[in-house]
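Take a look at these structures.
Here come two complexes built around subunit A, the first alongside subunit B, the second alongside subunit C.
Moving on, here comes the complex of A and B:
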């Protein structure tokens, strides 16, 4: 109990302490053009992101992440279930999929720009392209690897194919599906910022790029901090989702360890 | 009657004369492709099982007991011969059949609570409402003494309780045929005899035709009306031994009956003689007989 409390203190205390340290160190006489005082960054942050540019820059970026991510989850799970259920088909397309996964999605951004043009649609497509492969490959792996006893059980009890999918195959694959989704979420955030940095008329990435062009280093920092915060919040939300979905898996594992 | 018929074939015929069998295994053979030649596991297996009979299948380890059960359950297609339920040849897991696996930890779904595990197969019956499914499942769980565990996850229960959930899941389907593949092999001795009695009671009460695959000779005699001894290479039915013990079995009194001990010896001898006939006895690295051989265990 006390250990748990002290862990919490460290977990919250260390980041807060580091920020405080940054705040006071950057507030001294030492000034660097590239490392502005945190006080100034915070002022810029408040002026920009609370909430002047939320509609013009934050919303487009978030829309790109969310739409692309949701599409890649739906597509990845669907295709993954199909590939996992037909080992022959999987064998056939697997080299291609491995190649596409190995290809950094960033390298594909120019193609998407040429194909679709600079738009939200392009960003969604790019995010989908980046996030799809880790999900797809994890799902097809997990579905192909469902425990034979689980298969035999559902066959001998003549469980309907819909129930078999929704109540047997997908839950059985869920630890791996969630692992793929976690990787995909990080990928989504990275790729949207990169594509905004390369070419875009709006978005947080574009804001940072413009700030750099204008030598507004403080504004750059505020954009970076915002991206960091968004990534942090999304990963925390994902943790909550994971905690709920995989409660059974944690219980099963916790028991096996004891 | 033709004198050229073997004793099995005669038994086969006489069963047919009395009542049509619930299950008929007819000339079943199973072989797998192995490198360049086919490896035959089962050959020419004939078993007739009258309705409501409890039979056990025993045999040395590797004899193909589980393969035979998988063929009877329709999970595997035999390479020759047929399995008939009520005279109809099966091509997949038939309705009104329930299967209990040895490994309850894997055959119960850890992501579903106990009740959901039991109701899942019932969802195939579209006539049942969710309430009716739950009621059926709860009744089945009550029959195995698990009314309190309904809302727990399987992994929160002990091994014996988990296997009782599996029994309840089978029971809820109201099967006419119950197949069990070494169902008590993963629980401790006390739990094992409790589960044996539970299953016996349930099979009687619900008038099920039951096939039990086991490696435990005592269990095969204690539980069944007839013991099928598998042996030979490739495996076939080596001996059919009728168990004419009183229908009401008791762990203490039944097992101390001289008839029980005589039957147990007979089954043991049958298992061991077909093993000697079919290959070298199982020895450990030092050339000593393995523990299972010393204990007179028929092997897993």
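Moving on, here comes the complex of A and C:
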């Protein structure tokens, strides 16, 4: 018990210690032009992101991520369920979907920019293009792979197809759906940042790019740290979501065995 | 056959290659036959080549229709694309760009393997070190590495070195995390069996730790390889460092979408090649796993 507690303290203590170390070292001799003092970065961070530019830069970025992500999840799950229910069709289009998922979606950003023009719509479209495939493939795969015994049992009990979908198919596919959603989330963040770095009129990526052009290294760092924090917070939120959704699955297969 | 969690998962959280493997590649609903289909059609439909060919033709047809419908100079038709392929692929510039991208990817990934895997294994072997680094590593790997592009381009310019360092940073985290899991998650029973048989430390490493960790490392390698390509091409697009990414960007902004598409398709094929190659490596690394042996026995 005490060992567990002390391990926990170490777990949290090390990152806190590292940040403190960064703070004090960068306060003394260890600064350079490209690695300014953390104290200055923090001052810039407070001036910019708490909360002067939240409305003008943070909100557009988050809107792009959220909209694109939600559209991908809805589209991916819907199409995935449809594909998964028709094994022959699923098998037929699978190579195309594998191709679309394997391609580096970042490479499509310049094409989308010219295709749609710089706008929130473009960002949402390109996020969807990146995030849709991992979800879609996972869902169709999982739906096609529902345990045949379970599937046939629920069918022979004449459970209505809607109930079967909501209570049997989707729950049993959920571990894989969640795995796809996790990949899609990381993709969404990367894509939005890249499209803002390339060309944009607002957003955190745009702020970083402008700071870089002006050689305002401290401001650039504050933007980079903000994106790092956003990435970290979103992945933590996703972990909580995953924990809730997959509670039954863990109870059935996970920790209980160990 | 049972549940297939984590299949196709990547990044951020531990990926269990064994569960991943149990899912099996592309066997979802395999040879399901629908009664009532004429047997002649059945025969043709089951031939893989015909099916792939039909899919390819259908995709190209859809592309052509979409391109004609959109018609705004960003999205070439299949015919324009096909002529551009001939023009672009015969130029040395194409191969130079391809080489620049692949070089950054390969060197950065190799460096990440050399650094990330040993450190990860050592972290996983020691419970205290493991706990001490867990939160830090998870936090650092949650940061999208692409955000470092503006900083790195200031320091190193639009060079190969800049790309390599970015790839190295981005690819190290999944390798490090998966390796530490691999070293940590060695089966307890197997560990104690090895100990009670008094296997020497060398033999334990050779017959227990390495085979068991190799599956996790291979999964980390696959994730890292994908991320590495993403970062390489992303940094080329953002900074105009030479490579495939730059060519896509140039083609689109110069009103030559057909040329841009040649490079885009090249990048896509590269992605597909990398994904399938590393998936194969992953499967090889699981040679010892019962599910794999059962599969071969069939």
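Methods note: the second predicted complex is superposed on the first by the 249 of 258 C-alpha atoms of A that agree within 3 Å, B and C clash if a C-alpha of one lies under 4 Å from a C-alpha of the other, contacts with A are read in each partner's own complex, and residues count from 1 in each chain.
Convention: a contact is a pair of C-beta atoms (placed from the backbone, for glycine too) under 8 Å apart; a residue touches a chain by one contact, two chains touch by 3 or more.
Just so it is clear, the model here is predicted, and its values are computed rather than measured.
Applying the stated contact rule after C-alpha superposition, one finds that A:220 touches subunit C and leaves subunit B untouched.
Looking at the shared chain after the overlay, A:249 reaches both subunit B and subunit C. In the superposition on chain A, contact of A:147 is made with both subunit B and subunit C. Residue contacts after overlaying the shared chain place A:172 against subunit B and subunit C alike. Partner contacting the larger number of subunit A residues, of subunit B and subunit C: C.
Legend: residue contacts after superposition of the two complexes on their common chain; A:198 is shown touching subunit C, with no touch to subunit B.
In the superposition on chain A, A:156 contacts subunit B only, with no contact to subunit C. Once the two complexes are overlaid on the shared chain, A:206 sits clear of subunit B and of subunit C alike. Common to the subunit B and subunit C contact sets on subunit A are residues 147, 172, 249. Those residues of subunit B that touch subunit A in the complex are listed here as 73-75, 92-93, 95, 97-99, 101, 103, 106-107, 109-112, 116, 120-121, 123-124, 153, 155-156, 169, 173.
Across the complex, subunit C meets subunit A through its residues 1-13, 23, 26, 28-30, 32, 34, 45, 51-52, 54-55, 59, 70, 72-75, 127-128, 131-136, 139, 142-144, 146-151, 153-155, 226, 229-230, 233-234, 237-238, 244-245, 248-249, 251-253, 257, 260-261, 263-264, 267-268, 270-272, 274-276. Subunit A contributes residues 147, 149-150, 152-153, 155-160, 163, 167-168, 171-172, 174, 248-249, 251-252, 255 to its touches with subunit B in the complex.
Subunit A meets subunit C in the complex at residues 7-8, 10-12, 14-15, 18, 34, 84, 87-88, 90-96, 98-99, 101-111, 113-115, 134, 137-138, 140-142, 144-145, 147, 172, 175-176, 179-180, 182-183, 186, 189-190, 193-194, 197-198, 208-209, 211-212, 215, 217, 220-221, 224, 227-228, 231-232, 234-236, 238-239, 242, 249, 253.
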